Amino acid sequence: MTDINVKDLYGRMLRIRRAEQEIAKRYSEEQMRCPVHLSIGQEGAAVGVAMSLEPKDLMVSTHRAHAHYLAKGGRLTGLICELYGKADGCARGQGGSMHLVDWNVNFAASTSIVGGTIPVGVGLAFGSFLKKEKQVTAVCIGDAAIEEGVFHEAANFASLHKLPVLFVSENNLYSCYTHLNDRQPQRPLTDIAHGHGMRHLTLDGNDCRSIVGEVRPLVESIRRGEGPAFLELQTYRQLEHCGPNNDDHLGYRGADEISSWIDQDPLNIVQRQLEVSNEWTPEFVAEIEAKVTREVQEAFEFATKAPFPTREELGAYIYASH
Amino acid sequence: MTDINVKDLYGRMLRIRRAEQEIAKRYSEEQMRCPVHLSIGQEGAAVGVAMSLEPKDLMVSTHRAHAHYLAKGGRLTGLICELYGKADGCARGQGGSMHLVDWNVNFAASTSIVGGTIPVGVGLAFGSFLKKEKQVTAVCIGDAAIEEGVFHEAANFASLHKLPVLFVSENNLYSCYTHLNDRQPQRPLTDIAHGHGMRHLTLDGNDCRSIVGEVRPLVESIRRGEGPAFLELQTYRQLEHCGPNNDDHLGYRGADEISSWIDQDPLNIVQRQLEVSNEWTPEFVAEIEAKVTREVQEAFEFATKAPFPTREELGAYIYASH
Amino acid sequence: MRVIKFVEAIREATDQLLAADKSVYMIGEGVPDPKSIFGTTANLKEKYPDQVFDMPIAENGLTGVAIGSALNGMKPIMVHQRMDFTLYAMDQIVNNAAKWYSMFGGQKSVPLVVRMIIGRGWGQGNQHSQNLEMLYSHIPGLKVVSPSSAYAAKGLLADAVNDPNPVIFIEHRWLHNTTSDVPEELYTVPIGKARTALKGNDITIVCWSYANLEVMKACEFLTNQGLSPEVIDMQTLRPMDLPAVKESVRKTGRLLVVDDAWKFGSLAGEIIASIAEDDSIQLKSNPRRLTYPDFPSPSTHALAKYYYNGPHEIVKMVGEVMKKELKLDEVMHYQAARTHDVPDQNFKGPF
Amino acid sequence: MRVIKFVEAIREATDQLLAADKSVYMIGEGVPDPKSIFGTTANLKEKYPDQVFDMPIAENGLTGVAIGSALNGMKPIMVHQRMDFTLYAMDQIVNNAAKWYSMFGGQKSVPLVVRMIIGRGWGQGNQHSQNLEMLYSHIPGLKVVSPSSAYAAKGLLADAVNDPNPVIFIEHRWLHNTTSDVPEELYTVPIGKARTALKGNDITIVCWSYANLEVMKACEFLTNQGLSPEVIDMQTLRPMDLPAVKESVRKTGRLLVVDDAWKFGSLAGEIIASIAEDDSIQLKSNPRRLTYPDFPSPSTHALAKYYYNGPHEIVKMVGEVMKKELKLDEVMHYQAARTHDVPDQNFKGPF
């Protein structure tokens, strides 16, 4: 793990955290008029996976995609403009929070139908396979998405053809307000991957550094043609399922559960690692906070001032032309 | 296994075999005008499972359903009339070979969309569960049906609620002309069941007696509420995928493979067992052949003479009324 | 009478149906959770623990499960928070539920109710705002209802649950907080019957679901100008009460269908075709329809604003059918002053 | 010119498309097997081993895979032996393929062709004989074609594969063994253009796919009686060439649409509605449609016999639209002498 730049990981996670905190803060202004599923608490998984990939590798995600999009290198202004419905949004405002894309950094898509991008991700990898390109696709999903049959259809096909796919299931224990135990039998999630003849790995989804350490070699084996793999990253969503608030007063999850996960916040974990290595200096903290805050403030400033798409764009994207 | 009446098993398999042979023989007369997927070679599995159930237990099946329907006790005339499109068919001719039903013997349905009856079978069991009835549902499928996502969705739900379901996958190695290895990664089929937290068992699908020996206690444990189980029965379809002929000249399966399976014909296996126990007497053979042949001939005679539904039945089953 | 919200009417009907018949059960993603499907299932799990269920995200499989349980004596009510999700379940709905009664020669039908919610506004976008009523209304063997008021919602849900056939029950999200008189006791609004929402002589406006509210609002601006529109609220989309439409059109001689769905291949088109085919009807002008444009709704409110039809567009189209210059400024101002991407000022998203 | 079968035209087009562009690939259950999708994919695997694939039975997942590969530079052609099976794939087709271009603001489209085969006869029954053209034709973002001849099949397939958008390619099983003139070289029949199959003045008969054959046969019995029907073969169902229909109807003043699908909510209805709405068209009589009845086809040939429309029903309906007593015995005898549950004497089932 000597080549892992932990300070860099911290900076990447912090960028996502501060961006989402700003979204949460400003959401009540009612100018970001689309549903937002924040990833606060899950940044370690997103950054860990993205930093295990090469830039040419592809990624797809779900309704909860901000962290994946940003971790993969997606434009922050593209994201914030998209939330504001502006023409400079990464999907020109047509998509909203749940439909992000940035082909410049090979973030291929997030969509809002649970399970919808899973076979699409496998198809991207099938494309790489057919073109004999050494490109890996990361399919980022939640813990509930594997309940959709289409996950299994896609996993079977990926395994059959040894396609270059990394399935990443961020197990945050909930599907909206429903606990895993009310949706799936009690067995390791990864047994499903085993059932499809796939390699699998379960990791602490909040420990970004060890994710990178474990997943980089896995990605390289996938790239070499050793077949797809399934990663379970155990993590926790800190805010409500959808929206800017905390909704733990609803009582669907226990106080102990919440506090133990907050203690294991991915930023805390990396902070502790940097403390151990004496890299957690006041200068570093001040510098990275300032840098990230500046970028976030600038992005919001840009987005709030940016123009909306004009009426001509309504219905402009029905068919692509030759 | 002392309480297993092997002669009875032989008689039940022979009834199915002779009925299907007669279907094959007469198919070229072009009076049975619907696709037929014969089970010749797979009768051991059907009878083995059906004889492990109680009469009150339910069964669903697929496009290849003749054996299941008859093994569960379905009316032979109902089947043959259905193939001839007659009003006395078990589905009044509306269904044809792929849509069989006989609620008198709790054969709930076979349908022609691969995977289509899997969740329906789990739902029958959910009904039993809700009504607190100690009734098991056998969901009879092929080896390819588990590729459909809906299998996984149904299996997950059955496992989650410990529903009284026995999944029976008759693994005959092919989906039409496509070998298992061209459709699924190389791993035991039962790994899939394990992935869903289900008990599983792989058996020689042609050895009817040992199926009954193994599956009866399994069914009873399911009935007691110990959760669903998945049975892989390894067997072989002797004729073409669909139709009355042998199509091995098409070269999609090897001569050695075919001959070794023919040698393991389920009737042969039981015959050998009866020879060992000295029950395979000329009298027994003559008597059972005569009995079965008579029933088959009578059913065809009945069916060929039976009336077609009248034109009034066209469009008569759009909505059920209160 | 007592005035309650649409969500409360659904909740109350479900409560009473669960109480009346132990074979009725309710299932769906989030049914017992604190959000309780926009309030429509609130407290039901507590009251009927053995009849109310959450489910995994597996729309097709669970629809099949519901079908199987229905064949085994139960009467499931399934709910999907968005109609868009039900595309996963088309196989079980169309190949199984719709066909069971016919493909086995009338032996067993599937008494299943599937509630589906149409989204709108607050940036829902392409995959959370589709009205797929047509995909179900085209399918023989299904019944499809689409109530426009709390009263109709309660009565149609009761009739749907008692129907031996599969019924698709379509709710527009923007109806959820609307209110109407609703009797406390359980009653039925019969499936297959349209309702005359307004009597008139000049033009027949056919609509259903949320569009009925917009049509009724438009009619205020029409009657102000001395017009007498007749409004037929279909309530059921299949089997459709075409006789009611025809009777009205025979009287008015003019037809406008307002359908919150894509135009090409819409139910609005089906209604117009049925009238056009009928030799016994003489129209005074060409029939018309007002629908969504033929593309999905964008997320950004800056464009979604122009996507939906309101009273302004309806009044304008009535003018076209009537071949009359109608005053539009009042209705235009009314509409401009309204919120356009939320149903009311209290709605703060997200879904 | 060279006369070949519809299946051979599809096979040849696929062969040429695979040869011309290495990003084209063909995938489907049974594509490389000895039955080769009714012959339409014969020997392609041998010739293009890296471009031709079998697949697991997983319609939705594999549609998603095809979509993903299309986004990554490939041009997949997927095939399903029955349209009924594609209900499993509605989510990926409608929520993803159809919307990709619009929901990401025009950044990437999905150049995917999905071939779907409509079954008929030999006891296919409820789940193997559905024509679900309407379910796809209603969806913005999709293109839908439904050729009626070997010539159109080859040309439309070529145009579909070169189209940057998802195209649903509908084949009626009973067209597979029909023949027509087909050029050897690759050519395109443009998506979105109807074809005048017969010029005439008395009535416009609109049809597509297999119905076109029945209409042309019916026209023999009509012209015998001095009538001059005009036949418009739509070829593309979405985007539809309504101007071609309108031009013809303006001339004839009469319209019959023959659609091999369920009546309620049919494309036939959409066409009639589009004509009825148009103020600039004066009809001499009410437009009509001839469709499947509103229930699924039964398996037994004893009843399927009365389910489908042939030249007899078409001639009869033309008589109604023309308000003319037409002679029916000849066409009735012709139809009675034909096989009714197989396309021709050589067909021995099973699918």
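By letter and in written order, the chains are A, B, C and D; residue numbering begins at 1 in each of them.
Criterion: a contact is a pair of C-beta atoms (placed from the backbone, for glycine too) under 8 Å apart; a residue touches a chain by one contact, two chains touch by 3 or more.
Keep in mind it's a predicted model, so treat the numbers as computed, not measured.
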Neighbouring chains shared between chain B and chain C, ordered by label: A, D
Of all other chains, the one whose Cα centre sits farthest from chain D: A
Distance between chain centroids, defined by C-alpha means - chain B, chain D (Å): 36
Euclidean distance of C-alpha centroids - chain A vs chain B, Å: 46
Multi-partner residues of chain D (at least 2 other chains): 55-56, 58, 60-61, 84, 88, 91, 95, 102-103, 125-127, 140-141, 294-295, 298-299
Where chain A touches two or more other chains at once, by residue number: 89, 91, 93-95, 99, 111, 113, 116, 147-150, 152-153, 156, 160, 182-184, 313, 317-318
Contact graph of the chains (line, ring, star, complete, other): complete
Residue ranges of chain A in contact with chain B within the complex: 147-153, 156, 159-160, 182-187, 191-198
Interface residues, chain B side, partner chain D - complex: 30, 33-36, 85-86, 89, 91, 93-99, 111-116, 144-145, 147-150, 175-178, 182-184, 242-243, 247, 250-252, 308-309, 311, 313-315, 317-318
Chain D residues touching chain B - in the complex, by the definition given at the top: 29-30, 33-35, 54-61, 84-85, 88, 122-128, 293-295, 298-303, 306-307, 341, 348-351
Complex contacts: residues of chain D adjacent to chain A: 25, 50, 55-56, 58, 60-74, 91-92, 95-96, 100-109, 140-141, 143, 162-165, 239
Touch list for chain A against partner chain D, complex: 58, 89, 91-95, 99, 101, 103, 108-109, 111, 113, 116, 118-128, 130-131, 149-150, 152-154, 156-157, 160, 313, 316-322
